[in-house]
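Let me begin by presenting the structure, written as structure tokens, before commenting on it.
Going in written order, the chains are labelled A, B, C and D, and every chain counts its residues from 1.
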Amino acid sequence: MNTLTMAMLVTAFLLIVTGLFMLVRTNNLIRIIIAVEIVMKAITLLLILAGYINGSELLPQAFIVTVIVIEVVVAVVAAGIAIRIYRHNGDLDIRKLNRLNG
Amino acid sequence: MNETILLICLAFIVIAAIACAMFRSMLKCAVSLAVVSALLACVLYLMGATWAALFELSVCAGLVTVVFASAISLTSTSRHQPENEEEHRKRVAGLPFILIATGMMLMVVIAATGFHIEPQANAALVGLSFKDVLWNMRQADVLGQIIVILAGAFAVAILFKESDKA
Amino acid sequence: MSASFTSLIYTYIGFPLLAIVVLNLIGKKHMEKFCAPIGCAVGVVQAVTSVITMLLLLQYNKAAVNFSQFWDMSVSTEAAYFSVDAISAIVLFCIGMVTAASFLTAAGMREEKMFNYTNVMLILVLGMSGIALVTDLFSLYVFLEITGIASFVLIALHRDIIGLEGSFKYLVMSAVASAFILAGLSFIYMETGSLRYDAVAEMLAGNTAAEPMLIWLAFLFLIAGFSIKSGIVPFHGWLPDAYQSAPAPVSVVLGGIVTKMAGVYAIIRIMSDFLLGTYSVINLAFMLLGLLSIVMGALAAIAQGDFKRILAYSSISQIGYIVLGASTGSMIGLIGAVLHFFNHATFKTTLFVNSAAVERQTGTTEIERLGGLQKQMPVTGVSSVLAFLSTAGIPPLAGFWSKLLIIIAAWQAGGPLIAGIALVASILTAAYFLRLQRKVFFGPVEEHLSTVKEARGGIAVSAVALSAVTVVVGLLFPVLLQILQAQGLL
Amino acid sequence: MNGISAFLTVGSGMNLLYVMILLPFVLALLCLAIPKQSYAAKAGVFVLAVVANLIFAFGVFRAPDATMLIPWAGFEINLALRIYDFSRFIVIAAAIIVFLVGLYSVSFLRRKEYAGQFFFYYLLTLALANGAFLANNFVVMLFFWEGLLVSLFGMLVLVNKDNVRTAVKAIVLSGTADLLLMLGIAMTCMHAGTMMMDAVNDLSVSGIGAVGFLCMLAGAIGKAGSMPFHSWIPDAANDAPLPFMALLPAALEKMLGIYLLTRIVLDFYDLQPGSTMSLVVMIIGAVTLFFAVSMALIQKDMKRLLSFHAISQVGYMILGIGTALPVGIVGGLFHMVNNALYKCCLFLSAGAIERATGTTDLKRVGGLGKMMPLTGLCFIIAALSIAGVPPFNGFFSKELVFDAAIESHTVFYVIAVVGAFMTAASFLKLGHAAFFGPTKLPDDVKKEDVREAPAAMLLPMVVLAAACVVFGVWNRLPLDMIQPLLGDTLAGQDFAGWPHSMTLVLISLAVLLLAIINHIIGYRMTGEGIKAVDHIHYAPGLRQLYHCAEQHYFDPFDILMVFVRIYAWLCYCIDRAINWIYDVLLVRLTSFFSQSLKNFNTGDVAGYMVRSFIGLAFLVLLFVLLI
């Protein structure tokens, strides 16, 4: 098996695991958003890998561009919400977001 | 040659991601993310996806880092919270081990199942430019991007606008 | 014919876009009071267009309306970007109906941020319509994200801490789900080199995958991603929080349609368009997840103390039914799933409208603080009972028929045990709804509620209209089913 | 009379259906419809019905053989009726008894609250019994047969509306018998391949045939009131109106049961003398006659004593028919007729005494012979008949049964003779206590008020007593009707006239003498007629047995009821347990799970994520396991 494809695949998985691990273990809202971003990096990697395997980067490139645009908007919205929560709670602790439960 | 650089880039991406997760300082964390993005842009460039690399570098490494930096500065308190940061380190301390375990498990699974993917030639899109593909073949996505940006604009207007009452 | 057909797509996408442009060009100052009518109009136009689409499909006996080009960049592609078939048309009708109900509710609630609400709602409508229209998995993802972003913003519309909390939870989970879906897509792309529904279907049907592991991996991520988006147990954590925390008109649209469009619709698409064949374990996976949702959702609903939260858990349970129906992959199961989708949109919207009415008139949705509202709010009470009976699957209301189809399909596909569990869970449905009815509408009037009056205007109108749909569809169901089936549309 | 018989046979025989079944039924409804105040009208309709029935029964009696068939429920179930020797004979016999008891009832029930309903049930019984006698299809017969349960239940709850224990007991016992009959009929029909009664002939009594035979037998003897279906009858004697006792347990039910038993033994099944099944039937008969008469011996109440005799007499009939010998069958049928006559007469006399003194308790009444001479005379004639004193009718039929019994096995003969001894002894006691000796009356009844019953009551008694004498002296009259029923089986034998075996007659006479001696000894010992058999009653050993029997320890119904009660209690416990599971356990479990789920969800996003990962892991597991 091609070293590069395997390396990319493994890297992508490791990035996903890193992101998800961070998502679960961290208590800071901004860090959580960064974790999501890391997962999205892994996805970008997977998409370009898909293009590489298919022999044409054109379509995945279009995908990646779209994904990046969406990613940014999501990050902005998430940051906005995080800042609003900070205004209410005085910190960014996710553990304080437990008014909704049950 | 390309391949070696790619592999090195990939290795550094993982290291930067781990650093991003482990850093106590939020700012360093955001910068690490920018490093991951930049390295990813390198990878994209080397794989031939130049437009995507450009977007990755400018938007993700640039714009998103700015967004995070401003968010961090907006939410930083004058009170330093060392205990929180110390706790964070404890909570993510297991990450390297988990990554090593995951990597080994992946190797084992790939070896055991005979998982096999090879690059192959693709004649379907030969002769087309990225512009053609994005603007012509992905019209729905382009429309979607427009709407997403519109949505982002409204979101910023709603979330960031200071309250009239306050 | 072709022109009239394709112009329908312009209506679906163009009308909301036009509304957004007009609203923002003229500006908030002048348009604030026209927001609700415009929003309603968009919803109604959407619904009417979908009915017209359906009629045209029947008239010309076609499977779908295809639309290939917004603009011509001289490189021609034959593939269609957008397509409306019978399932899409039904779903688009639901979108229009729920949107109109949501705007009516917003008007009835005297929504403070009407202008912003309208803008984002229209984006949401665009996103959901796009989901129903697209023919490509990646475009599906794009519109999923649009729907998601619009939902996050809508939930956090009032910027109160509850709304922000619900919004953030939804955002995080949704982002992970999107990542999973994208990962799945890239694995599929590695095999097919295309993400169009027909290309993927061809690959799966021909069983031409060079590396089957990739397909399994892809579906693993896709199932997880869509399950999170649909709120299937155990991926459901965010859903009750989001529903409960959203402003009343938003929870109407959220509970009525959004999560179903974002997740369940994609599952129905997968099951109806892709012949899974050798990958039939996926059917089993969805079946088990569906059953788990049915039971756990209903169980969790019983102990809840908030009107909207009970409805949220009820949604989880009902989504379980839809997924169970779709998971069978059989014709009858898919018909049941699509029709339960429709029915659920109807009765759950009714219930959320009712909760909005209760919230508007009493200022709370906590059921312990409510009681005996039947006398003061007869319209709300009666429509709530109707919707509840439909949910529980009592004939001749609409919910009975679709549930019946789903249970029959489950019996055929999974045997009596599966069907039996689905059937028994209906009793739990009755249990939590009876509790809800008793605490909110029946019994003696709480003292502090003695001056409460029936909600007027938009809320009452939408409650009555939706109840009428539930009853009429229930009564005409066999006829509708016959028409749809006779034309081979479902 | 010729006109009537012509009317009956004209056309399809539909007329038979109209007059014998529908007419009593319609008049029964009419009786019910007439207002309570006009007792005369009710009684008029009632008398009209029984008289008309009698006339039409004569019509049937004179009519030639005929069958009629009206398609009814499909599946070969047709409303088939048949006139032939047996139905002719039994219908006329029933009609006479019904007429006489009916006449008596009109007088007896005057000013009784429940008279109208009694008439209704009476006529309903008549209609159903006629239907059962005339039916030529098993299902149709079963329909009428089961219908009789309704009138039985109705009559039993008439007097004692609040205490329906006896009625329930009767229904349970008769119902069980009828259920067995239904099973038996089903098996018989399956065995024979038809449901027409005249098409079922001499099935073999083995395999399914044996089961079918036994089941049908249970139905027949259950209706006749044999053991073990008997125990409601003595209770009914206390609870039910007296004409009911005279009509049903004494006469009509015996006729129905013995009619069916005879049909089973003669027609449907090929019962050979000395076969196992024959032995079974004979044992049932012997046991019934012995134990019932033992119980009768010690009774101190007229009605109760008579009701035990009603059971014991059926034992003789079953014993006789069970031998499957011509002499036994003829004897059984003859005994059935005789029993109807004298037992009715005895019950009616008891009714006359009850009407005059308000009680039938022998401890409270006595020496009535001077005040009610005619009643006393009728009673004595009937008592002599039942005791088997020549030349009354009971003697002749009993001798025939004795003949058959000794031919089968000496044991049965001995039991029958001992039974005869006890019968005689108990009637000596009864007659002595009631009509002779010092006058004894309840405190609230004055001696002047006790007088002879009205003519409407006396007439039936006198007719019955006379019939006892006539059927005895001129026994050829009934036997000429009975003997043709056996057809070829009879093989030219003739049992009319003086009994064949002089030895048996002498033994019988000796037994009677013994009974008289016993009575005298008993009377000497106690000085009272009523206590004439106390030396047997209180004999060591027997005393305890009798005590237990009086306490219903041997009552099959009560024994059954103990099991039923245990079963019901078990069912109740199980039901409570299931109910608890539904009402309490399930609700609590559901609430528990629901509350646990609620508490489990702390609103923590990391938790949501982890649960999603668990879901993902579950999917991985599923895929790995099932690929």
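Here is the rule we go by: a residue touches a chain if its C-beta (ideal position, glycine included) is under 8 Å from a C-beta of that chain, and two chains touch if they have at least 3 such contacts.
Being a predicted model, the structure only gives us computed values, none of them experimental.
S.K.: According to the touch definition, list the chains common to the neighbour sets of subunit A and subunit D.
M.R.: Joint contacts, listed by label: C.
S.K.: Between A-C and A-B, flag the pair that has more C-beta pairs in contact.
M.R.: Output for the comparison: A-B.
S.K.: Which chain maximises the distance between its CA centroid and that of subunit A?
M.R.: Chain D.
S.K.: Which one chain sits nearest the middle, judging by mean Cα positions?
M.R.: That would be C.
S.K.: Hey, how far is the Cα centre of subunit B from the one of subunit D, in Å?
M.R.: 99
S.K.: Quick check: how many Å separate the C-alpha centres of subunit A and subunit C?
M.R.: Once rounded, the distance between the two centres reads 26 Å.
S.K.: Using mean CA coordinates as chain centres, what's the subunit A-subunit B distance in Å?
M.R.: Centre separation, subunit A to subunit B: 6 Å.
S.K.: Give, as an integer number of Å, the spacing between the C-alpha centres of subunit C and subunit B.
M.R.: The mean C-alpha positions of subunit B and subunit C differ by 31 Å.
S.K.: Can you list the residues of subunit B that touch 2 or more other chains?
M.R.: Within subunit B, the residues that touch at least two other chains are 115-117, 122, 124, 128, 137-138, 141, 144-145, 148, 151-152, 155, 159.
S.K.: Quick one: which residues in subunit C touch 2 or more of the other chains?
M.R.: Expected reply: 138, 142, 145, 149, 152-153, 156, 159, 168-169, 172, 176, 190, 193, 240-241, 303-304.
S.K.: Which residue numbers or ranges of subunit D touch two or more of the other chains?
M.R.: Touching at least two other chains: 598, 601, 603, 605, 609.
S.K.: Would you mind giving me the full set of chain pairs in touch?
M.R.: A-B, A-C, A-D, B-C, C-D
S.K.: Please output the residues of subunit A touching subunit B within their complex, sorted ascending.
M.R.: Per the touch definition, subunit A meets subunit B at residues 1-11, 13-15, 17-19, 21-22, 25-28, 30-31, 33-35, 37-38, 41, 44-45, 48, 51-66, 68-73, 75-77, 79-84, 86, 90-93.
S.K.: In the complex formed with subunit A, which residues of subunit B make contact?
M.R.: 3, 6-7, 10-11, 13-14, 17-18, 20-21, 26, 29-30, 33, 36-37, 40, 43-44, 47-49, 51-52, 55-56, 59-60, 63-64, 67-68, 71-72, 74-75, 77, 81, 84, 87-88, 91-92, 94-95, 98-99, 102-103, 106-107, 110, 115-122, 124-126, 128-130, 133-134, 137-138, 141, 144-145, 148-149, 151-152, 155-156, 159-160
S.K.: Give the list of subunit C residues in touch with subunit D in this complex.
M.R.: 168-169, 172-173, 176, 216, 220, 223-224, 227-228, 233-235, 237-238, 240-241, 281, 284-285, 288-289, 296, 299-304, 428, 431
S.K.: For subunit A, which residues count as touching subunit C in their complex?
M.R.: The contact residues of subunit A facing subunit C are 12, 16, 19-20, 23, 29, 32, 36, 39-40, 42-43, 46-47, 49-51, 53-54, 56, 59-60, 63, 66-67, 70, 73-74, 77-78, 81-82, 84-85, 88-89, 97, 99-102.
S.K.: Would you tell me which residues of subunit B are touching subunit C in their complex?
M.R.: 113, 115-117, 122, 124, 128, 132, 135-141, 143-145, 147-148, 150-152, 154-155, 157-159, 163
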